Amino acid sequence: MITVKDLKFGYAGGGFRLSVPEFKLDSRERLAIVGPSGSGKTTLLNLVAGILTPKSGDIDVDGTKVSDLSDAERRRFRATHMGFVFQDFALLDYLPARQNILYPYRITPALKLDSAARDRAQALADACGIGDKMDRHPSALSQGEQQRVAICRALVTQPKLILSDEATGNLDPDSKARILDLLFEQAAEAGAAVLAVTHDHELLPRFERVLDFAQFREGAAA
Amino acid sequence: MKRFALGMAVAVLAATTGLAQDRPQIATVNYPLQYFAEQLAGDAADVLFPVPEDVDPSFWRPTISDISTIQGADLILLNGAGFATWIDRVSLPRSRVVNTSVAIEDQFIVTKSITHSHGDGGEHSHEGLAAYTWLDPTLASAQAEAVATAIAGKGLVPVEDVAERLIALQADLAALDARTAEALADVGDVAIIATHPRYQYLARRYDLNITSLEWEAGAMPSDAELAELADEAAQTGATVLIWEDTPPDAGFDAVTDLGLRNVVFSPLATANGDADFIASFDAYVTALSDALQAQPGN
Amino acid sequence: MNALFLAFAYLRYHWARSSVLVAVAALILFVPAATQILLSTSERALVARGDATPLLLGSRGSQLDLTMSALYFSDERPDPVPMAEVETVWDSNLGVPIPVHTAFSSSGFRIVGTTLDYFDFRGLSPVDGRGLSILGDAVIGSEVAESLGKGVGDTLVSAPENLFDLDGVYPLEMPIVGVLPQTNTPDDSAIFVDIKTAWVIQGIGHGHEDVVTAAEVASGTAAIANAAVVQYQRITPDNIDSFHFHGSQDGFPATAVIVVPNDTRSATILKGRYLDSEGPTQLIEPAGVIQGLVDRIFRIKSLLDAVTAIIAIAAFAAIGLAVFLSYRLRAREVATAVKLGARKGMVLRLLAAETVTLLSISAGIAALGAIIVSQNAEAWVGWLLSLGS
């Protein structure tokens, strides 16, 4: 699913630099990235997503060289091929759950909001146990429910890759496991791979593979 | 066929009515003005005199529908000189109202005044004016001229037509004046009593000595009124009583018994049967003249 | 459409903030529009009334007072002009003089004493009942009828006043005999009576109870009244014959005299006759006076426009700031959108959609208001113009 080779990245202001000689994620694989703060875990996610562009090296996602795409193409590719789950859920307070789930369709012409998408949103919500709360605004949902909405949003576009950035970081320990299981379950159902950044070491056993990121950080490794 | 004839009849009727309504309307407040307007307008206008025959036009009180008819007229001819007090209490369109005696105001006869007071105010007086101006044919002639000016001024009748008719009418009135003057020439000092104060202008024009009572027109005088007449006759030496309107025969007899001669001289505020203004005036003058001439000592 | 959907959802969710913004923007758009509509309608109504009244004769003094009292039946009380002036115009044969007597009021509406010529001149005929016929009759304008809830068969009582310091000026009860159609002119707020009725209210004409009958007056018989004469407050068929007027009608007062000249030449001749600035009377052209007033109003309006413009700038700056701040608050949403692959310019689109939505709703409300104002402008202006009376 993801193949990264000789990736080098540095912020324009200097200081932080990331170097990943090789990194792979298979289809349907569930990979956890761990590492100390500032080791560049999120930067890797952003590079894979095409939000950041590498200084050099190749990033290949599902057969597409993301690093070679233009900005507009990367946005398009991101919208159609990836799902994002954030630590802060990043739901829009002014939209009810249903519209939050369908939000990706509202912000890019690359996705077309049709009845299939709406049905999918409802089916995902049902599967996540929030099917009866679709008309509630985020403020009327619990933290767990909010993250379920976020998971539905990440999956509704049927991506082959879910990028999870501390998806469970804000949840209580009980919820963490349940949400992660749910994410895995839904991703498995959709046939998507999961690339998750996490600090929760107790959750690591649930992943197929764990990658400690400390090794990739230049300077830190040195 | 029958239906068609009926239809035609209706159509003709409608057309005639329509025509009749299209003619200008001239409303008048007394018979002399009606007569003058008719003479001067000819067939060009309808002349209305809405006061019923048995009502004295001086005291007539028009109904709302009468008022509406008068308000709707193209020209409303007033006599002025205080004649017809209803005009003070009725709304009239000033632009269509013409007072026919404006030009002769300086010749008005002022009657006794009425004094009264009300509220906290002091006493105040009402000046009375003798209203029967047309009994002096020269004043009538001036009023006729005012009528002619008004009719022509409103464009109801072509100016030349009115002017022509006015000449004829004024000639008639001048002739009437001459005949009256002649008929009453020699009766100067003979005292006359009238049942109502109506004859001030006649008296002034022809130098007649007339005193007046306040009898109800055409009614049988009461005993008190007859006694008043006897007193007045004794004081003035009058031997002729002018009746404003014909009383019951008993009235004539009662007056004859008092040694007075009866003469009926309607002031002509309303028409005298079918006779026109000039003919009526002539007839009354003849009757008066005859009564006066018949006086012993004349 | 998606940007509009989101914008609308956002505005709806933050309805209080949106309402305030919409209200402010709507007001800023509506106020100048409404002012403009009302002012131009006022101008039209004022100028139309002025244009419809060719000449006005009155006592020398403020031309504006004369015009306002004779055309708009306002509270101004110019010195009365004697009826002899009316006769003078009649005698000139140069035009039709129509006296108006506006010194009295009833239930807050002006009593306008005039002659029937006024109704012909203004083209007024009752929609209900009949015109003035008998002394005491009143014909009311549509606004009077509506606001007092009165119609034919009801009565009005003149407000007690003692303007001319006359003794025994008692209120007069007047039967309403007709109601005029709505004209959106000051005529709607007037109670029309014959000018003779106005003189009765003023005490110049009056009746006596069983003291003097018209028959006696006409026949010239003296009748001495006792001092305690009852003054009628109501003209009835029983007492109408006792109503009479003291003195010569030439001395009776009118507030002003509308003069309708026969033609331009007559107008010129008439105006020439009243040029003498020492004379007691003046003949004015109300249209000119009104134009002066309108010009003054519009000078004030331009000031108002400037104030409105400044307020509008301030208000839109505030709205802009509010929108900008809301975008600062929504930076996180923007970041999320970018991560989710939002198209380029998405932020601008959202901003535009939101602004457009806000302004459209505001403009819609303002336009609705403006339509309501313009549809009712004539009636409201009529009411505004009659406020002074």
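So that you can tell them apart, the chains are marked A, B and C in the order they are listed, and the count of residues begins at 1 in each.
Keep this in mind: contacts are C-beta pairs under 8 Å (C-beta built on N, C-alpha and C of every residue); 3 or more make two chains touch, one makes a residue touch a chain.
Please read all numbers here as calculations on a predicted model, not as lab measurements.
Novice: Just the chain pair, please, that has the highest number of C-beta contacts.
Specialist: Looking at every pair of chains, the most contacts join B-C.
Novice: Please identify the chain with the largest separation between its CA centroid and the CA centroid of subunit B.
Specialist: Computed centres place A farthest from subunit B.
Novice: For subunit A and subunit C, what's the span in angstrom between their mean Cα positions?
Specialist: Distance between chain centres: 72 Å.
Novice: When the C-alpha atoms of subunit B and subunit C are each averaged to a single point, how far apart are the two points in Å?
Specialist: About 48 Å separates the centre of subunit B from that of subunit C.
Novice: From the C-alpha centre of subunit A to that of subunit B, how far is it in Å?
Specialist: Taking the mean C-alpha position of each chain, the two centres sit 118 Å apart.
Novice: Could you please specify the touching residues of subunit B with respect to subunit C in the complex?
Specialist: Residues in contact with subunit C: 58-59, 61, 64, 67-68, 71, 82, 85, 88-95, 111-121, 124, 126, 128-131, 153, 196-197, 214.
Novice: Which residues, counting only subunit C, touch subunit B once they are in their complex?
Specialist: These residues of subunit C touch subunit B: 90, 93, 96, 98, 115-117, 120, 130-135, 137, 167-168, 194, 196, 206, 208, 211-212, 214-231, 240-241, 243-246.
Novice: Residue numbers of subunit A touching subunit C in their complex, please.
Specialist: For subunit A paired with subunit C, touching residues are 49, 51, 71-72, 75-80, 82, 84, 86, 88, 90, 92-95, 99, 103-110, 113, 137, 153.
Novice: Where on subunit C does subunit A make contact in their complex?
Specialist: Within the complex, subunit C touches subunit A at residues 2-3, 5-6, 9-10, 12-14, 332-333, 335-344, 346.
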